[in-house]
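Below are the structure tokens for one structure; questions will follow.
Here the chain labels run A, B, C and D in written order, and each chain numbers its own residues starting at 1.
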Amino acid sequence: MASKGLAIIAGVGPGTGASIARRFAKLYSVVLLSRTPSNFEPLVQEINSSGGQAIGISTDVSDANSVKSAFDEIEKQFPDSPLAASIFNPGGGFVRKPFLELTDEDYSKALDSQAKGAFYFAQRALPLLLKAKDSSPHPPTLIFTGATASIKGSAQFAAFASGKFALRALAQSLAREFGPQGIHVSHAIIDGIIDIPRTKQWVLPHEDAKLSPDSIADSYWYLHTQPRTTFAFELDLRPYIEKW
Amino acid sequence: MASKGLAIIAGVGPGTGASIARRFAKLYSVVLLSRTPSNFEPLVQEINSSGGQAIGISTDVSDANSVKSAFDEIEKQFPDSPLAASIFNPGGGFVRKPFLELTDEDYSKALDSQAKGAFYFAQRALPLLLKAKDSSPHPPTLIFTGATASIKGSAQFAAFASGKFALRALAQSLAREFGPQGIHVSHAIIDGIIDIPRTKQWVLPHEDAKLSPDSIADSYWYLHTQPRTTFAFELDLRPYIEKW
Amino acid sequence: MASKGLAIIAGVGPGTGASIARRFAKLYSVVLLSRTPSNFEPLVQEINSSGGQAIGISTDVSDANSVKSAFDEIEKQFPDSPLAASIFNPGGGFVRKPFLELTDEDYSKALDSQAKGAFYFAQRALPLLLKAKDSSPHPPTLIFTGATASIKGSAQFAAFASGKFALRALAQSLAREFGPQGIHVSHAIIDGIIDIPRTKQWVLPHEDAKLSPDSIADSYWYLHTQPRTTFAFELDLRPYIEKW
Amino acid sequence: MASKGLAIIAGVGPGTGASIARRFAKLYSVVLLSRTPSNFEPLVQEINSSGGQAIGISTDVSDANSVKSAFDEIEKQFPDSPLAASIFNPGGGFVRKPFLELTDEDYSKALDSQAKGAFYFAQRALPLLLKAKDSSPHPPTLIFTGATASIKGSAQFAAFASGKFALRALAQSLAREFGPQGIHVSHAIIDGIIDIPRTKQWVLPHEDAKLSPDSIADSYWYLHTQPRTTFAFELDLRPYIEKW
């Protein structure tokens, strides 16, 4: 089973990351990266006990050494598995504050979690994706998760928007450099509230007004399966009721 | 079989429109609109003889009366079929010329084919889509086909880009007005050369360098099947090798 | 005085157009185009009686023949004046309505006033601007007036946004084609309520919350005076208090 | 003379920064920040000897403490001068390399020079700008210098584009938060080669094909003098011959 394709998902909590992991685990072995093991442990167990293959590695994506260790471990555990998909779905760095109340740490954290984390992740994932070009069942894929703040710097979002804009710049640059090498680089703009445990309490006037994480995962899977004649770079996903 | 869902595709030639028709005919009855009957006749026969259901109606989308007649005919022939999907995939109005050589007719034709055509089409399709909300297997969908010229007004593309920008404006406005009513309005930016009979002769240095019409159709189908928690408005599709 | 530079302003009512005319009349002879003579007559008199030179020509910019007649008249009256600036500042086509209540005429009128009008205007202005390259005191300039609806298709703005998007496409295409020939083509996005007689009644909670037409005119003048090493294509102008 | 208005320019080399300093020194005392004193020393002398008032402070904008010291020094030296304009015109972090050859340091440096530097600078400048609201001759202004890489992540520009996108996010967020408080926040996209000593050797086929730094400075000055009814947020400046 070692030569089954591999998917790496960075940023796995109870929301989108978990849904993505479940979706990609239908075809691939999955590696889940999260700082907190409790974020991936139940999911690893769930996937493994239902016929899939999953491992979790405690990783701080904003720390170059931690990302390095994670990928070293991945290459050791899956030496023959072509990397079919790698998904950067970071949760860190969100902060909403009047600008003059932002601390240096707030601002750095947003850049570190989003932009630097993506940089470290992509630098280790891309060589593996390139190597998988002929063995991956679908074009090797690198997807970044964006947000409304990826394209609009709203008041009080200076830190988070800086991180998300930077992440989008990185995604564009990688799509333009690695697309012609057969790697599918995409950026998904998640515009709205995701329906996860933390947001259950927010009661909205309409049903289905929050993004379903499983449906986000379906969209990521769809991006992954696109042939190279027809790569989508960017996709904006929002609930039907969302103002934009 | 009258209550099978219905899909209407405006702009059916030998390329994308035909692939979209074949794709949507797997689940729906399809109505093909094109000015020239020879554009849809073989396809209608192909779909009908392989277990699907298709009709073609000779229609000039840039003519309000012609669109009116087509929809009157559709409602007569499919009185009980919920309109699940309507796709505006117009071919007309393309022209590339130094600005001072453009004729009034060149410019008008681009606006008429793209913007006015879409307006007439949407005004007739939307009431049917709204009526189909509870009976369509997927959220009733209205997709517009865009191009590179939808987001960039290049030199010598004044006419075509004006039409395509206007079409995108219309799509955005409809998405914002009818999304909250449960209609999925999308705009696909097709960025590159489509692999159709007319472009076969253009030999490119890389394989798979032209967009596959079948794969474009798959993307349209994917958009159609998205649940309303996770509507994508815009999708850019291009060959991996395309510069952008 | 025949060889004084010339400025043509299309779309002169009591607001921005009048301010632009006054501003450009400080250096140039000005030609004011408007459908209704009462829109330009007092202004023509005002400019002429205060040392400037102005004429008005009743023109429907959405009518090719009317634009043709106006330019024929301009060339007859100012045979030796280099065309230094031409400004397309159309007022027509605004409509805000639920999409299904829009008439064909509403939609056509928006396209005709904005896009076709600009097309007719640019086709006659550009040859004169090109001819003025060496005699105009500043790079010959063609400025188009945009609006919020130039970059966002809001609900109920399908018609107006289609016209304004199309106008922006035209402006981009002309900037890319004629910029390298030394013509400065610009597009100004006016984002907010302009402080004109018609909007005086709208009382806003903050002072200075409406755009000053004189200040818009100053920005147009500034664009006009930029040297060709540093052309601005696009400028967004909004009151400090405006949400965007 | 202590109550003369003040302008602070961060990023002063032999190019745009120097031109901006000279332009703003016509009305204001100017403070020039640059890591290398030799970057500002001749300019300080030039301005002071020609009737203006200038000081230079050696500052590393990517270092929070260095920015802190600089502003402490400014407040000490100009306790009564209203801060009329602050301009962030950073030079650091440019790098063009295949992505897999970028070092962690390359990437961090781009973010630090552009995004974090701007953050530190804005956090110290904004309280002074707010305080100057009633005493500054023009609305207190904060301008950020962008580049092509601010809106397009090109291949091999992952690091620089990340920094420039982040900077633009910051600028947007500050414009939306502080605009309503009367502060004019702008972002200028400099799209092309600037005509500075370092680029003199690049011979282009057309004259005037490089951006004049003095003319960029004029545009910044123009932005600064706009009244609050008509703030421009974004301006793209490019030579007439530039492809875009």
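Please note the rule applied: contacts are C-beta pairs under 8 Å (C-beta built on N, C-alpha and C of every residue); 3 or more make two chains touch, one makes a residue touch a chain.
Heads up on the chains, UniProt names are A, B, C, D = Short-chain dehydrogenase/reductase SDR.
Note that the coordinates shown come from a computational prediction; the quantities given were computed from them, not determined experimentally.
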item: Selected interface, A-B versus A-D, where C-beta contact pairs are more numerous; value: A-D
item: Centroid distance [mean C-alpha coordinates] between chain D and chain B, Å; value: 46
item: Inter-centroid spacing, chain D versus chain A (mean Cα positions, whole Å); value: 34
item: Centre-to-centre distance between chain B and chain A (centres being mean Cα positions), rounded to whole Å; value: 32
item: For chain C, residues contacting two or more additional chains; value: 176
item: Chain-level touch network, classified as line, ring, star, complete or other; value: ring
item: All chain pairs that touch each other; value: A-B, A-D, B-C, C-D
item: Chain A - residues contacting chain B, complex; value: 139, 176, 179-180, 182, 184, 195, 206, 208-212, 215-216, 218-219, 222, 226-244
item: In the complex with chain B, residue positions of chain C that touch it; value: 64, 98-100, 102, 104, 107-108, 111, 115-116, 119-120, 122-123, 126-127, 149, 152-159, 161-174, 176-178
